Amino acid sequence: MAARSEPAAIAAPLATANGLRHQYLVMAGMALALASAPLLLYPVFLMKVLCFALFACAFNLLIGYVGLVSFGHAAFFGTAAYAAGHAAKVWGFPPELAVAFATLCSAALGLVFGWLAIRRQGIYFAMITLALAQMLYFFYLQAPFTGGEDGIQAIPRGRLLGVLDLSNDLVMYWVVLAVFLGGFLLIYRTIHSPFGQVLKAIRENEPRAVSLGYEVDRYKLLAFVLSAALSGLAGGTKALVFQLASLTDVHWTMSGEVVLMALVGGLGTVFGPIVGAAVIVSLQNYLAGLGHWVTIVQGLIFVACVLAFRRGIVGELGRLLGKPL
Amino acid sequence: MTELLGIPAPVLFGQLLLGLINGAFYAILSLGLAVIFGLLNIINFTHGAQYMMGAFTAWMLLNWAGLGYWWALLLAPLFVGLTGILIERFLLKRLAGLDHLYGLLLTFGLALVIQGLYRNEFGSTGLPYAIPAELRGGQNLGFMFLPNYRAWVVVVSLAVCLATWLVIEKTRLGSYLRAATENPTLVQAMGIDVPRMVTLTYGFGVALAAFAGVLAAPIYQVSPLMGADLIIVVFAVVVIGGMGSILGSILTGFGLGVIEGLTKVFWPEASSTVIFVIMAIVLLLRPAGLFGRTG
Amino acid sequence: RADFTGGKVRIGVLNDQSSLYADITGQGSVVAARMAVEDFGGKVKGAPIEVVFADHQNKPDVGSNIARQWYDTEGVDVIVDVPTSSVALAINEVTREKNKVFLVSGAATSDLTGAKCSPNTVHWTYDTWALANGTGSAIVQTGGDSWFFLTADYAFGHALERDTAAVVTKNGGKVLGSVRHPLNNPDFSSYLLQAQASKAKIIGLANAGGDTINSIKQAAEFGIVAGGQNLAGLLVFITDVHGLGLPIAQGLILTESFYWDLNENTRAFAKRFGERMNGRVPTMVQAGVYASILHYLKALEALGSDGDGKAVVDKMKAIPTDDPLFGKGEIRKDGRKLHPMYLFEVKKPAESKGPWDYYKLKATIPADKAFRPLAEGGCPLVQ
Amino acid sequence: MAGDGTILETQGLTKEFRGFVAVRDVALRVRRGSVHALIGPNGAGKTTCFNLLTKFLQPTAGRIFFEGRDITGLRPAEVAKLGIVRSFQISAVFGHLTALENVRIALQRQRGESFDFWRSEKLLERWNGRARELLDAVGIGAFADVPAAELPYGRKRALELATTIALEPRLMLLDEPTAGMGREDVGRITALIREVAKGRTVLMVEHNLSVVADLCDTITVLVRGEILAEGDYARIAADPRVREAYIGSEEGRA
Amino acid sequence: MSTALLEVEDLHAWYGEAHVLHGMRFSVREGEVVTLLGRNGAGKTTTLKAILGIGPRRTGSVRFRGQELVHLPPHRIARLGIAWCPEERGIFASLNVLENLLLPPVVAEGGLSLEAIFELFPNLRERLSSQGTKLSGGEQQMLAIARILRTGARLLLLDEPTEGLAPVIVQQIGRTIEKLKRAGFTILLVEQNFRFAARVADRHYIVEHGRVVDEIASVELGPGQERLVAYLAV
């Protein structure tokens, strides 16, 4: 069997159920830290981190646990951003409905993309998702409701359930935090569910899983749709936070960015994508003041990252501690 | 006058020819990318930056050393290829055996650095580079005016592609390259210096990019970002052709140039997307690309 | 007693530092801003003035994010420059929401003083209407009465085409057709061939940056100008001409609101600017950054506070403008700064006497004719 | 149509790869409850036959009947659900999962497809007992918590067998179960197969003739994609055509 | 005692942290067929890899015709005339059968001609243009062996060459090894199938836990057989 070491190189240390207690501790610590973060840090920045962290986690579900690298995840993120923006601004949906609608749109899109792409593997899967996403980008560029390169601006944040006024950054922050934690826990649960167990088996040895009677394509498709939906949840929330949905959200560089986040944090680690998202978003934010040195410094950081922490920050950390994180 | 789908036939011929010319750039660039991917299993995201370096090297040779186009055609690939060899030796080598994503991230980071440095030095607008005196002017073909320089581009890139193809497919070297892609250890255990072969191959792929850059300098603006967006399209070409297929990347390069050219007539807005549409269709019908081997 | 937030005045230069528009805006704008602060004396009513800057990468979300953070946490009271219309429109929204001040120099869209106008925004240097009007009417009047457009396929390109086409027809010209190309398209030969086939006298380039440069360069290659057709660059900056080189750019007609070699004042400014910028000359955008900040500081001095952005802008509108680069002028109710626009022709290589000596002045369009009439913009502030 | 004694039957089974016929017009009949061997020289088409029977490959022509039902058009996973489970020529385990988890994956499938991503994997612990039983049965109970990748080769094959049995297959297809094994493991696996074959049907490919002679009731010899001979070991071993094509001069390995 | 062609002394090897070879020591004389026997995981394959300098980190001494190999890169070692047939066969999917066959460079005179190879393995002749990995398991094994016979290397390292082969072919390979020996090739063979090994080899080294624990000459295999079985059984 010409087993190209593709998934093996990404292969995460798959934790067995009993070695997970420390992960709950880290999770609790993380929730606490996030809850107190707005005391120290600018809430809008934090919200950006959270939205991208959720996006990266959703992406990681696919690459880390199914071994599929999607290069078109911006399609789900951006579609949701447009859907939420349009629903909130033009149709006057309340925020919770707008985001729910956005998530649904992305899930539906995930079903279509997944159905087309799921039978391809490795780089071909990546490329077909990229191609589909580029076609969608073109559609959004031309479609009147997206506002072309101006995007949908001034999206109202509205009132959550008619009561909570989201135009207050802090209130918005709590909502985003809740959305993020919800999404994160769902992903965590998925990984450690009977379904997740089958996913791992498929990633390890697909023909064997088939011979045991598993319809592997359906499992992959469900994972893909889940990932798309959660990316959509992140994108829709982001649109409300920044009151903006634009072509940036659907451009291939966005798909690239989420790959970066997952890589920098550590592929197939539970907390890696969160750390990766925090790092990349901070870079963008705090390096902006470096002016024309931004891209150079960013580039150097990527190079250093690959050379120094192959497993990503969290991956290396987990290795040092001898525990999967 | 004969018309086809509302377009006068002569105009159509002209567009086909132009498509072929653009295809020549795709072909050379994707060839380099395919060679590198084939052997190093690395998606060389620096390729666009290296193409740009080729163009800038030509500019520097002219303005700083007084060496003209023909020298540049020879020297720029050499210089840029050498920098490629350094990159392979000191950076890429450390990624052996890892997933392509790591190589992608590394080369992407490098591209950012290189483009940033050039921009800081030369500005973002770019610099002029004149068409060499020997190739100015053009031929009136009746249906269109064909600049001599463009004709030269097609001819020389066809020649370079063909030569590369012959060397890789028709000599033992080709088998070594393909085998080393799959199992470098075993090939080395057969007595072939795989590390050096890898280094040289990367250098060669990079030199091809630089060569395309020199060819491009007189027609496109010599600017730091000239290769930044190209890479993704060129990569699509490689995938459509079938990863690792040399012939595939050449033929697809020319073919897609033509298709893109036609799109510019019939639905100009979509001309930058058509490649991805084709990629999606091809991959759905032929999972390993047009000329790829299913494995 | 002056009342400045945080005890100081902080100016944020937000533009493209690293990509397409970095030469037009970029570090040069930051230098221009610093020069304005120095020329003003470094302090307003005893309060120090600071300049910060950031790169918005031409992405609206990155830009609006930085703007929010600047306004909310870093004591920035005014944002200047902001090229790329989509980003400028986003900042326009954020600034209005936070009641700060936005001095646009880099962006072109005339919507900023039209449907999207805001009491917190001043649009200083130029806009699509002014460009279309300057270049369009001048060319039609000199006999270039049939046009074909090469248009970048995004809202800005569409606007430029639409505005120019209107000017052309108003002046008795004809539009024979247009073709829309994707943004950052490297090869224009196909489109140029279509333009050639249209037999229009003038090929209007409703695009910007690298797209314009490449279209001009390749038009020369295909002998389009030699064949009797002429190019009209609708948004061409002096840096673009520099990038093209005179052999190719010569004869191009374009509209700008500033040229370094206009008069004593502009030459003096360019000299000082060049000393800090490697001998480059200021673009009109960078000049606009300088002038708009000077005027802003004057308003602050008169007002004695910067907390209420709308009040500051109102003050800016109340005081007539007067600066060494754009001369005397005013800011209209819709936020439009008025000054003359100039029609230039790019010199032949033989005519150029030194570095950056590129333009011949062909006509001056007086301030009252240069910009879209107040009533036609549809700005809600005007009603 | 086959009588009651036949569990699997093929008619005119043919597979062509780009002009090369790997399996030609094969009529195979496997008796219920028997251990049936498929032997033949390398490249005869044995693995291809397995791939056709389990639908990993689509036949060019011919039909396949399982318990009288035509399964020619089914997908691989459907065939598996009907109770035809195969092993692979190259050992196939889920390397990063523990031995216990490997077996559980098979047990889990019996609950129907597990698409419930919102439930805890603790749910799976109720299969632990049965999984341990199975591991004990193949003699690797002590390795239950070791990741499969770290098991020695012979034990991997044992694990694969345990996983296969967990599905309670009605027909087991084993492709060279003893290949690459040390002597002691061959003995153990032979015994194991004999054990699990009770009450099931086994179709196996094997080059080790002593194992074949030991275990199998019926032997089909495939040569160049076609059936050359069929019968019990003594009859096959005596057939000069089989000796020439396959067994060679070596005497009495049994 | 004639001088050894290959001498291995105090060879240690590690996969990462795992210490796998603990001071292997053996020698092979020119023209001999020597086997390494031992249970799964004893370190036989690792020994072959360590000789070639691929895979594990190693210390100690490996001398070929008196030349020290431990500091040489693998391709230089191969060029000295050592060829390896790996246990997982290593057939290249991107090459067809003929290309696979022609891949290893000829390092010395005296290799087999293509004709001779096809005579040995007639299956290969028919499948020349098909993709290497589309061959059946056994055919791939034949190809892997055939491939190194062409190169003229004088020392052949064969790792379980009979695995998965039909009895007729095993016999044929046995005859081939005898023929090669007569032609002056030296062979170091790793085997599980000790009946086969016993027939073709001059001497056997028993490997346990990364060490040679015993040496048995074939002639004494009659009485030595008991010893051997004792080593190999549980």
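Note that the chains are named A, B, C, D and E in the order they appear, and that numbering of residues resets to 1 at the start of each chain.
Just so we're on the same page, contacts are C-beta pairs under 8 Å (C-beta built on N, C-alpha and C of every residue); 3 or more make two chains touch, one makes a residue touch a chain.
What you are looking at is a predicted structure, and each value in this text was computed from that prediction instead of being measured.
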For this session: Moving only to chains each one touches, count the minimum steps from subunit C until you reach subunit D.
Result: 2
Exercise. Which one of the chains is farthest from subunit B, going by Cα centres?
Worked result: D
Exercise. Just how far, in Å, is the C-alpha centre of subunit E from the one of subunit D?
Worked result: 30
Seminar exercise, completed: When centres are defined as mean Cα positions, the distance from subunit A to subunit E in whole Å is 50
Seminar exercise, completed: dist(centroid_CA(subunit C), centroid_CA(subunit E)) in Å evaluates to 76
For this session: Round to the nearest whole Å and give the separation of the Cα centres of subunit B and subunit D.
Result: 50
Exercise. Counting only residues that touch at least 2 other chains, which ones in subunit D make the list?
Worked result: 90
Seminar exercise, completed: Listed in rising order, subunit C residues that touch 2 or more other chains are 18, 22, 26, 153
Problem set entry | Sequence positions of subunit B contacting 2 or more other chains | 116, 119, 182, 269, 272-273, 295
For this session: Spell out the residues on subunit D that touch subunit E in their complex, using ranges where they run on.
Result: 17-18, 20, 40-47, 89-90, 152-154, 176, 179-185, 207, 209, 244-250, 253
Problem set entry | Residue numbers on subunit C that touch subunit B, as the complex places them | 18-24, 26, 153, 179-182, 184-187, 189-191, 193-194, 197, 209-210, 213-214, 217-218, 221-223, 227, 239-240, 242-245, 247-248, 280
Seminar exercise, completed: Residue positions on subunit A within touch of subunit B in the complex are 2, 5-6, 9-10, 69, 116, 119-120, 123-124, 127-128, 130-132, 134-135, 137-138, 142, 252, 256, 259-260, 263, 267, 292-296, 298-303, 305-307, 310
Exercise. Which residues, counting only subunit A, touch subunit D once they are in their complex?
Worked result: 1, 11, 13-14, 16-17, 186, 189-190, 192-198, 200-201, 204-205, 207-216, 218-219, 222, 226
Exercise. Okay, in this complex, where on subunit B does subunit C touch?
Worked result: 8, 11, 14-15, 18-19, 21-22, 116, 119, 123-128, 130-131, 138, 144-145, 147, 149-150, 219-221, 223, 225-226, 229-230, 261, 264-265, 268-269, 271-273
